[in-house]
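Here come two complexes built around subunit A, the first alongside subunit B, the second alongside subunit C.
Right, the complex of A and B next:
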């Protein structure tokens, strides 16, 4: 049960969604864009969040498509994790999202939800960071493409009223050799102790990790030497030192696998 | 036997799998009100003030209740717990106010508007903290009333009860032991996670008649606590139990029922429902004890166990509930099922500022068994004796005495050597520690035993009526929550009456007004207690049938026998009368009639149990000890310390089985929960705050990890004192699994793993935190 009332809207186009948001905000109706709802509902239940209007973006065509343009792979923001995994257009991203939550929830969580939500792990971000994805954002009747790296450390990632339309990745890059492993504390379906993704380009490996800090990040051998242990997550899933240990272990595994 | 020992479907199966079963929260009436709780946001504090003005202004509010409105304290052992805190809060998550409104949403909204000012007190975070000289006192225990006499709080301490076992002279005897193994163990608090969260409904009618509807294992206890504290005549309070969706001991505690009653009182008697969210069910309602233990076991040169020195500190959280009794249950069976002549045991129920605790499957046995069985393995290793042979050599048996000095015989204890013989045939023990590359496979084993710790005068009863077509209605006070009790009870009645179980209906719902009292549906005692009552009711019916049939068949009742729903003259089956021609009186051809309907009644009360002596623990706590042996096969990878269970085995001496497939299922369920304790389940508590109160972060075993082989086998030594030679069991599957798991993993990883749950991180730490070089 959500202990507050809200209005539900189902716009059919980006412009409808955008103008709705503006109008509702002007009327102090506290609008939010609503995708899979897993986070808004679960946080709303326990009173961490309230909203007065939910603008469901799942009927906007652009947000729902998975496209291969020949040059780029395009995935809409409201595509759910299971659809990404099943489409197999972006194998590394598919492998990552298949290990987020369980089957039922993978049918709900959207790509944008995982990238923009309040849960710190944002594992879908890892492949995008490694492959320099572009994020297409809609705001006030126009769209713009932003590099994911310019975005990923912002909190919140998007400003109010901005809508993540799609992500775009160079198709060739999605074919690079890759590595993914998610290490969990004990149960398969859990937040990561460490999730490591890696791609090999011109015999050089790039790594991205989730579960180390309170945000996903790119990591290389140099930054690995300078980890500030006080910044590393230390909680019921794992101690900080064990996370660093597992990270190093996984980097070793990735290295072995990608050079074998 | 006609029906006992043969498989059959569970009587509640159809409704449950089709989604037709109705649980407490499914009940909604027009005009029903809803209550929501405001929970304490601090673990230990004085309540300075509560301002409910803003909440009272919300449209749709009926009342706002605080602790000041009903300053009563409840508890089945020590009366230490206010339903809503007053004066002080003692755990984070304790109710501090309750809002009653026309709908749930409004109640929740108003709850958030209540302002509570706290003056924080030092937080007791562990049993060690609680026992320090000068520790902050969570309660003044000396001020509380006791519900039972055999609970022993210590004045001006945080000790809610102390149970002592003094058998022989352990302290001196240990000095003579050639081998001594010691261990310190820690098991965190955790939760039951029954699928149905707790829920209760209360209504007070104009004439003062109270109805409580609740998901409870203890309807008669609900009734008795409410009657006693609110000074109501027992006939004025009626408790109804619809279907219950899992309980595991957690629903034996009385909590929401009192809140629902108070809510209804505040709303002029109108019907009010209060249902826990999952988070509240974990945090606010009672969970499972934590345990810290120091175990010392001594053996002589020949490998015979001689003495045990055992200190158990139970983290019972902020209120005692039944956990003082768990301290007793641990003490009673403190050594595990081994013959040890000299036993010294202190079992302390200790208050902390953690969530309070109650019964949990195994009633403390899974916790202390972990400590004993880990130490047994250490002792065997130290002596260079095979861990399985060492156990078998020292098993307790007929003629031996338990820690509370009960003499054992072939009825009051299972045949453990038999269980071990079967276990040996089911596991490839000789292949232990098979290493392939970085992977090691290892077995770990554990014995277990358990008796009940019921009140010495616990009762049960059964009422039987007949329908005109000869079908039967059985009415008992046992609650069904998935353990299969009702299916078993029907079979027992079918067996004695020699009627097909399909013709017997048992009450799925309990109504304390009409169902005969059954103490509580706990302690694996339903089949034993209610079974005994049912057999008496059956005998009562058979007697009446014979008497009436004797008239019809013109002979004496002694000349008659019974079969196929017929009473017939012995040695002449053709001379008979059918049940259905007797059950509503015997009618002659001319219309005259003898007798009314046949009603069967049977009652049973536990007997020959005694309260334990305060200084030595001597006494008889339960009617029988049901025992078994368990084993877990682990695969461990030394590369990254990952591991997984491959096989889990239980051999239980359950006496005669009533429904083998179902019995196996009950044991498997317990084994699965045991794996949960071994690998996942734990409160992560920081400074009095449980941080994993949702199922995202509180991990239980998941349907996706099913690639584990579960093997259950039985020994069948009958207990002639129990119905049809059965033995009490239900909880038992869980007891030795965490211990066997840790024994296996300790062997495979070659480190001593003495805490739960077990993770790769624990092993890595135990091995000295070896780093990876890149």
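Right, the complex of A and C next:
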């Protein structure tokens, strides 16, 4: 049981969810959008956060779809990680989300939850960064598409009241040769020491990494040379220098695999 | 739009039965199931880490400690109490796949769901599914043996 009371709403459309959020915010009811809810429930239970209203967005059609338009792959924000992996519409993203948390929780964590949550690793972001995904956001009765690269360094990623509707990626790019590896300290189910994703396009490899800094990022040869060790995560999982060592090793592996 | 505040009467479909319950939004599914006497789902970490609270919703495993009871309205909930005569129960006994039994309901439900969705599961898939649950008595090898043996049996029976 969560140690505080709140109201629970189940809107059926984006406009219902949006106007409800505005109304509740005006009334100082502290609303939150609720998708998988794993982070809200676990943090709420230990008193890290409170909210007055949970707006469950899982009944909104746009947020629940996985679509292949022929040109683009579209994945709704409230699609859970298991559904993404099973759909196989975006194999690199599928491989990444299959290693986030565990198999059972993957039935609950949503795409938006992984991208917007408080856990810094946000591994689902890596394929999206590599493929220049667009993020469709709903706010105040309208939707807009924003490039993921314009967004990923913002904290929080979205402003209050904004709702992540879907991500869109160029379908052709999802067929590029790819590499993914998550290196963990000891247990298979853990936060990453380093998660590396790479895609090869026109004999050129692009890399994105999680576990290096306190946010996922794109990395190239230049930035690899200029890593500021003081910015690298240094914690109970690993020292900063070991993370850099693992990253370099993984880049070599990716290079070998993608050019073999 | 549906709205719930404070205590309200709702119906939960648990083990094939529609049960009326009076609940409030802050209650997790785990709390509500246990308050109904369905104590097979156990409180372990209450943080999504151990899997002892696992139940199936629409045939997929979920951690009921990280699920609001209201999220399960309109869905089919299966708890260990409703898993009657699952072949995995006997396999756990014959392979000594438990000691204290605290984790066993969660593991059995995961195995049941695995056999529905991946009856041909390879070793990697089996390992991936079982990694969601922790056994403090460390019966991992016995559990894996039981699952592999039973999946093989189920497949052979189907073929025959």
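Here are some notes:
The rule is simple: the second predicted complex is superposed on the first by the 260 of 260 C-alpha atoms of A that agree within 3 Å, B and C clash if a C-alpha of one lies under 4 Å from a C-alpha of the other, contacts with A are read in each partner's own complex, and residues count from 1 in each chain.
Here, a residue touches a chain if its C-beta (ideal position, glycine included) is under 8 Å from a C-beta of that chain, and two chains touch if they have at least 3 such contacts.
Keep in mind that what you see is a predicted model, and the values were worked out from it rather than measured.
Once chain A of one complex is fitted onto chain A of the other, the partner contacts of A:249 are limited to subunit B, with no touch recorded for subunit C.
In the superposition on chain A, A:140 makes contact with neither subunit B nor subunit C. In the superposition on chain A, A:41 makes contact with subunit C only, while subunit B stays out of contact range.
In the superposition on chain A, contact of A:4 is made with both subunit B and subunit C. Once the two complexes are overlaid on the shared chain, A:154 sits clear of subunit B and of subunit C alike. Legend: residue contacts after superposition of the two complexes on their common chain; A:224 is shown touching subunit B, with no touch to subunit C.
When both complexes are overlaid on chain A, the residue A:238 reaches subunit B alone and has no touch with subunit C.
Contacts of A:189 after superposition: both subunit B and subunit C are touched. Within subunit A, the residues touching subunit B in one complex and subunit C in the other are 1-5, 42, 45, 102, 188-189.
Within the complex, the subunit C residues that touch subunit A are 1-6, 24-28, 31, 46-48, 51, 54, 57, 60-63, 65-68, 70-71, 110, 128-129, 131-133. Against subunit A, in their complex, subunit B makes its touches with residues 104-105, 108-109, 112, 277, 279, 640, 679-680, 684, 691-692, 694, 696-697, 699, 701-702, 704-705, 757, 759, 761, 764-765, 769, 771-774. Across the interface of their complex, subunit B is touched by residues 1-5, 42, 45-47, 102, 185-191, 221, 224, 235-236, 238-239, 241-242, 245, 248-249, 251-252, 255 of subunit A. Within the complex, the subunit A residues that touch subunit C are 1-12, 16, 20, 37-38, 41-42, 45, 54, 56, 58, 82, 98, 101-105, 107-108, 188-189.
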